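Pasting the structures here.
You will see two complexes here that share chain A, one where it goes with chain B and one where it goes with chain C.
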Partner chain A sequence: MARKILRINMGDLSHAYEEVPEKWAKWAGRGLTSTIIADEVDPTCHPLGPNNKLVIAPGWVSGTPAAPSSGRTSFGGKSPLTGTIKEANSGGLSSQKIAKLGLAAIIIEGMPKDGAWYTLVVTKDGVAFESADDVLGKGMYEVDEILWKKYPSKPAVIGIGPVGEEKLSNAGISVNDPENKPGRYAGRGGLGAVMGARGVKAIVVDDTDGPGVEIADMDLFKTGRKKLTDAITSHDLTKPNGGLNSFGTNVLMNIINEAGGLPTRNFSAGQFEGAAKISGEMVAEMVEKREAGMTGHGCHPGCIIKCSNIYPDADGEELVSCVEYETAWAMGANCGIDDLDYVAMMTRECNDLGLDTIEAGNTVAIAMEGGLIEFGDKEAALGLYDEIRQMSPLGRILGQGVEATAKAFGVHRIPTVKGQSMPAYEPRAIKGIGVTYATSTMGADHTAGYTIAPEIAGVGGKVDPLSNEGKAELSLTFQAATAFVDSTGYCLFIAFPILDIPDGWAGMAESVAGVMGMDITGDDVIPMGKEILKIERDFNMKAGFTAQDDRPPEFMRYEKLPPHDEVWTVNDEVLDEVYAWVNGK
Partner chain B sequence: MICVLNVTVRSADYFINLPNSFMPTINITLYGDIASHGGGKYIASLDLELPEGAIMDDLLQTIGLDPEDRGYLFINAILHDMPGLYASQETRLKEGDHVGIFSIRHMWPYQYRDGIRMSNALKEAMKERGEMRNTYRENPKN
Partner chain C sequence: MQVEVRVFATLRRYLPELGIGEAKIMEVAEGTTLDEIRGTLGLPGDEVKVIMVNHKQAFPDDPVQDGDRITYIPAVAGG
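Moving on, here comes the complex of A and B:
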């Protein structure tokens, strides 16, 4: 059965299945969400108004048998945080179940006329528009629990917390994990507010008796799958008991700190004296010491990397899943907090309220800089999440993210690009990531430019990684490769083994070709990724963005970052070069 | 928890004939499984006295760490070595240096280290092998 588009109209509470138009047929995941948004959403519309849409799409290989670590779901729309096109993706249960229902994408449009809230129940038989009265106003832990009791088939639950209901710009979209916990977020860019603006509190996806995923060339798919699986399970970083499996993404905390690139106390320093106490190594030690929780946890069925963790409290009870690097950094180092238990408690607050942890931690740091509370005051920091939960005037400001909070407190050290705050890598110390932060179609985003081998990218002999001169082409190539991987449904962490093991790179492309029946190889990855980037860049230009928006924050040009006392030194010309090919130059 | 040790090395035969009795103190943090070489589980921090003129190879020998089990290595926030490279072995250590050493299992994707401070010896080593690798071990599958 060919894939279908499921279009849900919240204005008249109707739904329809549509054939996938030829123009969209080759896309999935991010490629499809961005294509649909670009085709159907006015770039100048208000993100919370009636003309924006929320698009949900599994990747090319999602829902196929045993494709490794392939449970990513893409969510797309116009972002209320950045004003740009936005794709944020998540692990959890949703990707495989949507795909197994035979759906290429779900498009949610319109707004309920009566202002009511709904839980959408998506099954093989269609969509039921259930009242959300039983889950409205509740945090995501309770929402997931209620909906699994109500729908005993253990469905995927896509939902928003109270922050999304209030349509605040830092609202993420939660997806439940295999244990029905809400730790998997399409966090960045405020798409939870876009979902809330459609009057949708939750989407229950039940794939029982669904048609499954059609595979055009099973032999090719299996060949590619084996190559990729072999690469993942044999590489130091991704194999069982490898770096990610043992310490999670938070394996980076001590490394970035040792390098002097760990943003600390609102990007005022590059090293944090308490980094080791909130690192992945410490998470592993606490799990062993408390004889509870776990490392090596998988966020979706079929993950073979398993970089997630379950962090236990002092009594051995599960506190949160998971404490990953960006979260621990945002809640910890960037706020001057070195207490892992408090980091975990704040992470749980974010998961429950429906907040993106990166933006939330950065926002608290801005409030600290603005004098609301002191850097390092963990009790007060935790208390700020109560303000958000209570939707006090202060809480509403904090829920809008970094830039709104900076204005409210008169702060000028604002680590954002296109309205979105930076993740855990300081561009003054790690300049390559700064180029990607500045030019990404999504605002500052650490997942926008994953490295691929230059010889694979076709830029092998042309760039010198040690020089600024090659940084534009490298960043573009990395952004294109990432846009492709974001469309596959594979976790972006497959990028690590396929960088070092060429068979893995080929296997990724072959598995996609096998599912879709497309004639593509590893050589097509970058050109297809650039197609996606062009679609996104064109949308942003129509929304009013120019090259002047592709800039790091001003303070990074004149404030020296200790310990290396570096400022941002990459010329604007380098930044302009990244997307000159779209601008016709 | 973080294990802190004070290790004083005074009797290694290798150093007996070195002139001067000044013993620079080096602060070392070990991350990952190699923390056991400093008495920790996954993180160990220790102060080590080494004879003046000691190099990185001496430090690794003193704590009993096989260079093949060593991943990223920093001295004073400057990257001096990578998994599978041996650019730091001859680097001379001095009083007050901080050395951070990671296990071979630690990862650091290129996009998150593109532009960081590196030693000249490491730059040269990476030019030969290509900079955009996650590991320089001959066979990352092992």
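Moving on, here comes the complex of A and C:
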């Protein structure tokens, strides 16, 4: 059975299955969400108004048998945080279940006329529009629990917390993990507010007796799958008991600190004296010492990397899953906080309220910079999340993210590009990632083109992080490869082994070719990624963005960052080279 | 002369006496290279992916200087 589009109209509470149009047929995941948004959403529309849409798409290989680490779901729309096109993707249960229902994408459009809130229940039989009264106003921990009791088939639960209900710009979209906890987020860019604006509190996806995923060429799929699996399980970073499996993404905390690129106290220094205390090594030590929680946790069925963790409190009870690098940095180093328990408590608040942790941690740091509370004051920082929970006027400002908060507190050191705050790598110390932040179609986003791999980790080659040389080309290559991987349904972390192991790279493409019956090889990855980037870039240009928006924040040009005492020195002309090809230059 | 050495992540198992982020202070002769120090510490060459000296990328054959802050790094990435 060919894949279908499920279109849900919240205006008249109707739904329809549609054939996938020819021009969308080759895409999945990010490639498909961005194509649909570009085709159907006016780039100048208000992201919270009636003309925006939320598109949800599993990747090419999602839902296929034993495709390794292939549980990513792409969410697309026009972002209320950035005003650009947005794709944010997440692990959890949803990708494989949507795919097994035979769906290429779910498009949610319109707004309920009566202002009511709904839980959409998606099964093989269609969509039921249930009242969301039983979950409205509740945090995601409770929402997931209530909905698994109500729907005992252990479905995927896609939901928004109170921040999404209030349509604040830092609202993420939660997906439940295999233990039905809400730690998996399509976090960046405020797509939770776009979902809230459609009157949708939650989407329950039950794939019972679904048709499954059609595989055009099973032999080719299996060949590719094996090559990719071998690459993942043999690379030091992704193999069992390797770096990611043992310490999670937070294995980076000490390393980026050593490189002098760990943004500290709102991007005022590149090293944090408390880095070791909030590192992945410390998470592992706490799990061992407290004899509770775990490392090597998988965020979705079939993951063979398992970089997640479950962090226990002092009593041995589960506190949160998971404490990953970006989060530990945002809540920790960037706020001058070196207490892992507080980092974990703030992470839990974000997971419950429905906040993106990177933007939330940056927002608290801005409030510290603005004098609302002191850097390092962990009690006061935790209290700010309660302001958001109470939806006090202060909480509403904080829930809007960094730029709104900076305005409210008169702060000018604002680490954003296109309205979105930077993740845990300092552009002044690691130049290539700064090029990605500046030029990405998504606003400042490390996952958009992770040059950290060659600049810091020696993965996919080795380049000097402090040098400007070749960084435009490096960033573009990573941005294009990422756009492809974001379309596969595979976790982006497969990129690390396959950058070093050519057979794995080829295997990724072959597994996609096998599922889709497309004539592609590893050589098509970058060109197809660029096709996606062009679609996104064109949308942004129509939305009013120009080359002047592809710039890092001003303060990075004149404030020297210790310990390297570097400023941002990449020329604007170099930044403009990254996307010159879109305009035929 | 003296140098300080740190190891992280999976390399810590070779220097279990060090706390997280704690440095080992070593006396070394002039002209000693980063690779020689790695060997002295018993860190397997194929597990050391990156070396940093004073927060900058360095290479195995580089000689060390008095007071250098040296870090041996295994395969890491994330985000």
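The rule is short, and it goes like this: the second predicted complex is superposed on the first by the 566 of 585 C-alpha atoms of A that agree within 3 Å, B and C clash if a C-alpha of one lies under 4 Å from a C-alpha of the other, contacts with A are read in each partner's own complex, and residues count from 1 in each chain.
The rule is short, and it goes like this: contacts are C-beta pairs under 8 Å (C-beta built on N, C-alpha and C of every residue); 3 or more make two chains touch, one makes a residue touch a chain.
The structure presented is a predicted model; accordingly, all values stated were derived computationally and were not measured.
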item	value
Touched partner set for A:S246, first chain B, second chain C, both or neither	both
Partner chain in contact with A:S234 - chain B first, chain C second, else both or neither	first
Chain B versus chain C as contact partner of A:C307, first or second or both or neither	second
Touched partner set for A:L120, first chain B, second chain C, both or neither	neither
Which of chain B and chain C A:E285 touches, first, second, both or neither	both
First, second, both or neither for A:A333, with chain B first and chain C second	neither
Touching partner for A:V417 - first (chain B), second (chain C), both, neither	neither
Touching partner for A:I158 - first (chain B), second (chain C), both, neither	neither
A:G432 touches, of chain B and chain C: first, second, both or neither?	first
On chain A, positions contacted by chain B and by chain C	235-237, 241-244, 246-247, 251-252, 254-255, 258-260, 271, 276-277, 279, 281-282, 285, 446, 450, 453, 465-466, 496, 563-564
Residues of chain B that touch chain A when the two form their complex	1-2, 29, 31-32, 35, 41-43, 45, 72, 74, 76-77, 79, 83, 100, 102, 104-117, 123, 127, 130-135, 137, 140-141
Chain C - residues contacting chain A, complex	6, 8-10, 12, 19-21, 47, 49-50, 52, 55-57, 71, 73-79
Touch list for chain A against partner chain B, complex	234-237, 241-244, 246-247, 251-252, 254-256, 258-261, 270-271, 276-277, 279, 281-282, 284-285, 288-289, 425, 429-434, 436, 446, 449-451, 453-454, 465-466, 471, 474, 478, 495-496, 499-501, 563-564
Residues of chain A touching chain C in the complex	235-237, 241-244, 246-252, 254-255, 258-260, 271, 275-277, 279-282, 285, 307, 324-326, 423-424, 446-447, 450, 452-453, 456-459, 462, 464-466, 493, 496, 563-564
